[in-house]
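For reference, the structures are reproduced in the following blocks.
Heads up, the next two complexes both have subunit A, just with different partners, subunit B and then subunit C.
Moving on to the complex of A and B:
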């Protein structure tokens, strides 16, 4: 008997005027399976997942049937549903209910009314399994994002669910915390046999381990197969979702590979060495960086900063010159001081040593209105915190009275259709673009972006990249702080490594990532033994093509 | 290692009784015993900060006494007449001091309560009464710091586009602040919706909720409660024998101090010093255990 059996399920929201969010979805999930659900934002993934648990199911018109262990889900009582179907949501902060780690772990057990002895045993068990002992007594507020999401998972696992549903659980986490979290989920699946259904942007980390991948588009399931076959199928269909596939798959089909496609970097390497044992062309031209930058848009000279008098320095001599009209990316680990650097540029943090010059003029010499009106603007990490009105249109009207300009910017950021929605109702990618529009209305010549790709799927990332390219053409200088090496490798003009409060190395992306062997893109890790300076999937495909031509 | 490591119920019983004693007993000796013990214990717990706080309280007590006696004129021993012709009496002045010390004493005891009782102990105690109430409290304890953090975040974001609460002229600042506040409210509602979803998803609406605790009632707690009630028995005897009674109006009148009385005083002092004794004893034991190694 299937664990979950979805039969011809259709669903439409009351506000959608008959438009179906789910359209004839049929899916069978066996016990112990690990299933990845992928699709663009708005393809109905979340709507589908929410139908699997009655308390979370949205209101609307529903047709079809969902069977949980053979019983229709509406007839499964709440107690069983609470315990047996675990559901992890996107934002780690919004799921934590209580103020202490230990209390949160026990929350579900309290609801089920377990006795003290059982609760103690289960909580202890969970704390050990998830490595929470060290922060068991802490306040939730002091945890990192990764720890918070792990706590959410642990507190759900404490109820011993049979099935675990995860809705983009790592979209708010940094890459290291994200892959830790996904590894834990995998461990649960393998060691405990818990069925896992997960939606995720970061397919590289989960695709190789999934039993099945289900692709959704426009509320329908368009493919349901093993990950290897899915790659092939999407490539044949020329589906947009192909861009979201892990690098090895994209390179394989991009270079016209035949047979079974590689899923992991290791498989990709084996395939490349077999196909190109002695490549004729093995290097792409990588332009060098000019030593002298004339008239930098932004120049930082040995910035030192700390938040409190007795706290350690966050910035320890940050120096950088950003040439005008470029996209400058700063990469580096968590808490290295990248965001603080941006704050120092726009005067939110005041360095106690060093100089910030914006367009050749020290930042403190600007008047506030002059600085933020037409000179620079910052897009914060959480785009939500930029909105202050009920609709996107009102929010944009905040910034300028010029209707024409608003329409222009809305067109650039592709948010025309969203103008009358509440900013909080938009998806992550849409919020990001609406926030960008708002920031652009201050007419900045220097744009600071803090993690612009956080929580956005690959489709929206490409959209964002096109917008950024357009802005660059208009002569806007962009400084971006990011964890997303793939994005930086593909679109940045210059990349800097931030470590230990300093800007360590700066180079063009090809040379920067080409010379790194750990902190680099999947394409580079996959191809570095045969090609050098190939840092994106496109680079590798290009080299493969050149080699093929040379062979002919 | 101290009193805060005892079971919350023990903390609760002790502090309710000791503060009740502080309030009820107007007898100067009992009053002084409790006040001095609170004074010492608060210094033990909070160090120099407590000393400064307590010492500042003393002139306040005197000031209160003079204020009280200039408005209340009961009693028979007239000290002098004030400028509008009212009698200043010894009785009202003394009673003013007594009230002042009671208030100061309660404040000092509360400073000790504050350092012993962490929020999770409060949540636990409420959980004994009603698991739902304690859950509610825990949610508030989580939300308040979150809202504060979000306010900061929104403000920083707004500053990044020149619309912060401290940018622009006075009117702009006011407008920016109001906007930030209104968005903060929207955020709070939005986030509470999500939290409630997460709660329901984990069965918060099921019947028969229980409260989990990490506390254990051990033998030390038992011993403490037993001694607590032993002392209370002695004090109760004092009350029965009218040893704690005193009249301030119209004259200061109290029962004679006998040998028996000293027993009661010692009993009350032991009671008030119990947490301090416990802490010193544990520290001594720890020190000794260390020394052997």
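Moving on to the complex of A and C:
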């Protein structure tokens, strides 16, 4: 008997005027399976997942049937559903109910009315399994994003669910915390046999380990197969989703590979060394960086900063020069002080030593109206913190009275169709673009972006990249802080490594990632033993192509 | 924080403070009040270290002002010190003022200790079983406060970085409008978050059964012994109080009950937390010097 059996399920929201969010979805999920659900934003992934748990199912018109262990889901007792079907959502913060870690772990068990003895045993068990002992007594407010999401998972696992549904659980986490989290999910699947259904943007970490991948588009399931076959299918269909596939798959088909496609970096390396044992062309041109930067748009000199009088320094002598008209990326670990550097430029934090010069003039010499009106602006990490009105249009109108300018910027950011929506009703990628539009209305010449690709899927990332390129053409200098090495490798002009409160090295992306062996892109890790300076999937494909031509 | 008494069961902590603060409120006898004040100060210092000393010194002016003011309002008393116009400023009223001030400061100090020892989670743990829904509400409020502060800072920072912050030259009206906008944005954001929180609660079975409460603290035998000692001492003190040992009259003439065994019991009672604290510090010191 299938664990979940979805039969011809259709669903439309009451406000959608008959447009179906789910259209004839049929899916069978076996016990112990690990299933990846992929698709663009708005393809109906979340709507489908929410149907699998009655309390979370949205209101609307529903047709078809969902069977849980053979019983229609509506007939399964709420208590059984809460315990047996675990559901982890996107936002790590808002899912947490109580103020202490131990209390949160026990929350589900308390709701079910468990007795002390059971609760004690389960909570202890979970704390050990998830490595929570060390922060068991802590306040939830003091946890990092990764710890919070792990706590959410643990508090659901304490109820011993048979099936775990995860809706983009790592979209708000940095790459290291994300892969920690996904490894834990995999461990649960392997060691406990819990069925897992997961949606994710970052497919590199989960695609190779999934039993099945299900691809959704426009509320329909368009493919349901093993990950290896899905890669092939999407390539043949020239589907947009192909761009979201892990690097080895994209390189393999991009270079016209035959046979079984590699899924992991390891498989990719084996395939490359078999196909190109002695490559004739093995390096891409990587121009060196000019040491002399004339008239930098932004220059930082020896910035020192700490948040409180007796806390450790966050910035420990940050120095950098950003040439005008470039996209400058700052990468580095979590909590290294990258975002703080941007805040220091904006004057949200005041460094106690050092100098910030914007277009050659010390930042404190500017009047604030002058600085933020046509000179400098920052897009914060959470775009929601910029929205203060009921519609996107009103929010944009807060910045300028000029209707024509609003229309222009809306066109650049591709949000024309969203202007009358409430900002909170937009998807992550749309919110990001709406916020960017609002920031651009200050007409900045220097634009600071804090993690602009956080929580965005690969299509929106490409859109964002196009927008950034357009801005650069207009002569705007962009400084971006990011965890997303793939994005930086592909689109940045210069990349700096931030570590231990300092800017350590700066180089062009090709030389920067090409010379790193750990902190680098999947494409580089996969190809560095045959090619050098190939840092994006496109680079590797290009080298493959050149080698093929040379061989002919 | 390394405080031995804080590590005891919350029920023990709570009962102690009920006793300590409750007695301070009813006692008027200067000897007993002085004991309450001194022990409170000692424990407060042990809990807060150097920072505690600052607070205690800060309370000194309060003490003095309260003392000096009373004779201005209350002119009864047999021994006038001097006259303000036709109103006498009497010794008895001054003493009575000192006693009231002493009581006030002692209560403040003990409340300060209470705050340090009985943290929010201990409180909710204590009353969670009696009123589960209210205790959950409290816990959620405790969680929301830091969340709100963080989000407010985020919004203010974000608005500043697009030139919508409060400039140095802003008028009061502009400041008010700006504050209102931030508050509005915060409310929207909070509502959005609370929908997710609600989903998360229902997804974990909230409302499907009668809630139970996870007790993270357990009564150990040491807690029971401590509780017994505490109750005995408190009982003796109350008996002493009932037999008139605490009686004190200030106006028109000073009449104090003689000091007796009640004071010993009361002192011992209040010394429990500092004694435990010091005992543990010494034990720790000895066991470390053995290593």
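Convention: the second predicted complex is superposed on the first by the 552 of 552 C-alpha atoms of A that agree within 3 Å, B and C clash if a C-alpha of one lies under 4 Å from a C-alpha of the other, contacts with A are read in each partner's own complex, and residues count from 1 in each chain.
We take it that a residue touches a chain if its C-beta (ideal position, glycine included) is under 8 Å from a C-beta of that chain, and two chains touch if they have at least 3 such contacts.
Treat the numbers as computed from the prediction; the structure is a model and nothing was measured.
For the composite obtained by overlaying on subunit A, subunit B and subunit C cannot both be accommodated without a clash.
When both complexes are overlaid on chain A, the residue A:442 reaches subunit B and subunit C alike. By the touch criterion defined above, A:281 lies against neither subunit B nor subunit C after alignment on the C-alpha atoms of chain A. Residue overlap on subunit A between its contacts with subunit B in one complex and with subunit C in the other: 53, 55-56, 78-79, 82-83, 87, 89, 91, 93-100, 102-103, 106-116, 119-120, 123, 140-141, 152, 155-156, 159, 343, 346, 348, 368-369, 371-373, 377-378, 380, 382, 384-388, 398-399, 424, 438-439, 442, 448. Residues 53, 55-56, 78-79, 82-83, 87, 89, 91, 93-100, 102-103, 106-116, 119-120, 123, 139-141, 152, 155-156, 159, 343, 346-348, 368-369, 371-373, 376-378, 380, 382, 384-388, 398-399, 424, 438-439, 442, 448 of subunit A are the ones touching subunit C in the complex.
If you check the complex, the residues on subunit A that touch subunit B are 53, 55-56, 78-79, 82-83, 87, 89, 91, 93-100, 102-103, 106-116, 119-120, 123, 137, 140-141, 152, 155-156, 159, 343, 346, 348, 368-369, 371-373, 377-380, 382, 384-389, 398-399, 424, 438-439, 442, 448.
Against subunit A, in their complex, subunit B makes its touches with residues 119-120, 123, 131, 135, 138-139, 141-142, 145-146, 149-150, 153-154, 156-163, 167-168, 179-180, 182-183, 186-187, 190-191, 194-195, 197-214. The touching residues of subunit C, counted against subunit A in their complex, run 120-121, 136, 139-140, 142-143, 146-147, 150-151, 154-155, 157-165, 167-168, 181-182, 184-185, 188-189, 192-194, 196-197, 199-216.
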